[in-house]
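Before I ask anything, let me first share the structure, which is written out below as structure tokens.
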Amino acid sequence: MVRRPDTPGVFHSTEPAWNDSNLRELAGHISSPLFFTHIRAAIGSAVQQTNCHPFRHDRWLFMHNGYLNEFATVKRDLVLAIDPSLYPEIRGQADTEVLFFLALTLGLENDPPAAVEQAIGLVEAVAARHGVPNPFQGTIATTDGETIWAFRYSSERNSRSLFYTTDVPTLRKLYPGRQLFQEVSENARLIVSEPLGDVAGVWNEVPESQCGIVGPDHAEMRPFQPKAPATPSR
Amino acid sequence: MVRRPDTPGVFHSTEPAWNDSNLRELAGHISSPLFFTHIRAAIGSAVQQTNCHPFRHDRWLFMHNGYLNEFATVKRDLVLAIDPSLYPEIRGQADTEVLFFLALTLGLENDPPAAVEQAIGLVEAVAARHGVPNPFQGTIATTDGETIWAFRYSSERNSRSLFYTTDVPTLRKLYPGRQLFQEVSENARLIVSEPLGDVAGVWNEVPESQCGIVGPDHAEMRPFQPKAPATPSR
Amino acid sequence: MVRRPDTPGVFHSTEPAWNDSNLRELAGHISSPLFFTHIRAAIGSAVQQTNCHPFRHDRWLFMHNGYLNEFATVKRDLVLAIDPSLYPEIRGQADTEVLFFLALTLGLENDPPAAVEQAIGLVEAVAARHGVPNPFQGTIATTDGETIWAFRYSSERNSRSLFYTTDVPTLRKLYPGRQLFQEVSENARLIVSEPLGDVAGVWNEVPESQCGIVGPDHAEMRPFQPKAPATPSR
Amino acid sequence: MVRRPDTPGVFHSTEPAWNDSNLRELAGHISSPLFFTHIRAAIGSAVQQTNCHPFRHDRWLFMHNGYLNEFATVKRDLVLAIDPSLYPEIRGQADTEVLFFLALTLGLENDPPAAVEQAIGLVEAVAARHGVPNPFQGTIATTDGETIWAFRYSSERNSRSLFYTTDVPTLRKLYPGRQLFQEVSENARLIVSEPLGDVAGVWNEVPESQCGIVGPDHAEMRPFQPKAPATPSR
């Protein structure tokens, strides 16, 4: 009898993805209804597994393509705002891990968009206090294993790109002869930083300052607007 | 639709097993009807993934707890005896990898006990030519994904230990109150270098110079006797 | 013209020391009038270079054989007591790194014994607040490149061992025929966790709760007594 | 008293050079009258220290920017041509390591240009036998610690680039105001795959099919022409 684990499995490696034979093995032997993949180009912090995305807490995964600007300047204030009960779980030194634990502190498990809005709002408030310009840049994805929340935002409103695929039924109608679109499941979705391939009608850009939500039978796009927490944790 | 891969997946790591968080993740999330595990204490050759057991060729896995004595002395002759079509598959520098490709050259896929007897016979013949004493030491396990062949042998007839578990129906009768024995499947088997735990009646030692065979509905023990190939490959 | 660097060089590796070929190369090609060596058996925190001892700040090195008990419980309070200007230098998650930055905060560069007494005193005070027993265990060594300060202490007064070598002139008189004692320089000293070899008269144990100081022309032993900082940093 | 080692020290790492903190430490603390540096982009063989250049034998270092075409096809014949006494020294699976041991077999230590001409000649002869086109590509550098031999060659006569610096006295006359050229020693030379910076008159290209030789008081350029060994080793 196979017991299903309660938390997602995570494989972290510091080898270049294209030369990592364990990654190739795992990708060829594991299937999952939902998975996150992240390739990190380290800026400043060490190349070590504890700095690799996605980060995990219970059923949640969190990853980020971007950065907190001048992280060394704002890090201490942000870490102090993390719930002390979560603090011991911080394992690395990545800006994204701190952001994840801030979002958890601010309610990620109950209302992900609101929690991420508050976490980035807090980042922007702390950065303002220290005179750090353009505090947040990037796209974020988080999941509880059922639904994916994907965010595109930057303090300067000039954010890294984020794309999602058209729903499969529409693609099947557009390209009745394409075998691939017949083979993938009807509710398959990819959310990516940059489009893969250039088939017309497949990729849709998430607009600036938006949050996309994709669940088992639900897909939605909402405006995203950071809000510093009413009482800044300190 | 999930496609089942044709070859076993392999995870190799050079981190100490007790500190390898990827290993812990994988062990917690993957189930398999048959798996091999190996911890290597390097003697001489480099600590790198390409020297890690088990080694793989198509559906076959092969691992070894032991060594070829004075491997540097006999290596060249042994490598020359490997089928040239298999030669490019050698990826590391481990003695066991060479032994595996010798066994494949000598028919492992058709008759594993005969092939391993010939491979070790060849090792002993080459070692004799070079004046190397006690050429082979250890236990070997190999599988095609359905059946496991496990060998205990050393040229000096003083081999590292090898143990296997009593069949589960017998264990259930012996220990009707043990929950573990109720939970494991009826045909579960462990074959290990050293017993785990000390419950009486669980562990049976494979005798010196024997080969154990365990298949889906078959288990057998046979004498093992190396035989140099009639016409030594050179 | 060779410029001499202002800070000590550090080599950190996560491979087992006995299999690390870079370590063997460096040890065979580099000479130094003063060096620190540390082998870490990780307890809890990740096996990664940023957790490897010795830790460095400017001209200072710091290493520790031991642990802060229940570090996850006391870590947050201790990290908050680190000077905010030093905080961004924390690179890993090791208890010893936090202790080092506490000692720097408390004046390590001016009065090492007093700073370490205060740092451990603070650890003991924070642990008491959280009900953590036996807060500190181990031996510590720190250097500014000229002098070495070595500490043996544990909150339970049952500390890991620490040994130092008899001065070379005395060893030469004791063993006039030993070539090794003729070859080493007159003021050579080893300070180690456990004695190497068993030549009588070579090794002397640092007593419980003592601090040994060895400088270019100075060697001294002092009592060591933790003192929580007057105004606990918070 | 510091003993000078008889062989060059080698540091090999599989981390990206720009993120390797050990490399940064070593580069900041070690000085040498002659050093080799190599960054490898793996093609096919594993990313592991034993595949990293430069390779070493006694006082000799050897590195290569390029490849043996279809190495898997020609590898076995080339390895068989290596002197059996050198064979056990092969530690990795890189084409360049095999080429190095072929050159050593063919007299590298006595006449480097002739040995490299024969080694590449043998590669071309073996490749011809197997129908492999364009067998060799790249630039090679080798040294005995005193003199550097640098080769630019490819079977198709369309070789990767190789540059060397103008002698320092000339550069000082050309740029009397440049501090850097005053500071470096009078006989400093860089030999590189691609020019660093774009100061006019600094960089000179090694022409196609040439070997450059730079010794303590000697610099020379010679034509390079592979020659298969008279009696092919087999």
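Letters are used for the chains, namely A, B, C and D, taken in the order the chains are written, and counting of residues starts over at 1 for each.
Following the convention adopted for this analysis, contacts are C-beta pairs under 8 Å (C-beta built on N, C-alpha and C of every residue); 3 or more make two chains touch, one makes a residue touch a chain.
Just so you know, these numbers come straight off a predicted model, no measurement behind them.
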Next item on the list: Have a look at A-C versus B-C and report the one with more C-beta pairs in contact.
Entry: A-C
Checklist line | Shared interface numbering between chain D and chain B [over half = same, under half = different] | finding: same
Note to self: Can you work out the whole-Å distance between the CA centroids of chain B and chain C?
What the structure shows: 44
Item checked: Euclidean distance of C-alpha centroids - chain A vs chain C, Å -> 40
Checklist line | chain A, residues touching no fewer than two other chains | finding: 21, 46, 49
Checklist line | Of chain D, residues touching chain B in the complex | finding: 46, 48-50, 72-73, 75-76, 79-80, 84, 87-88, 90-93
Notebook entry, point to check: Which chain A residues qualify as touching chain D in the complex?
Noted result: 14-16, 19, 21, 42, 46-47
Next item on the list: Name, in rising order, each residue of chain D that touches chain C in their complex.
Entry: 1-2, 5, 9-13, 21-22, 25-26, 28-31, 49, 183
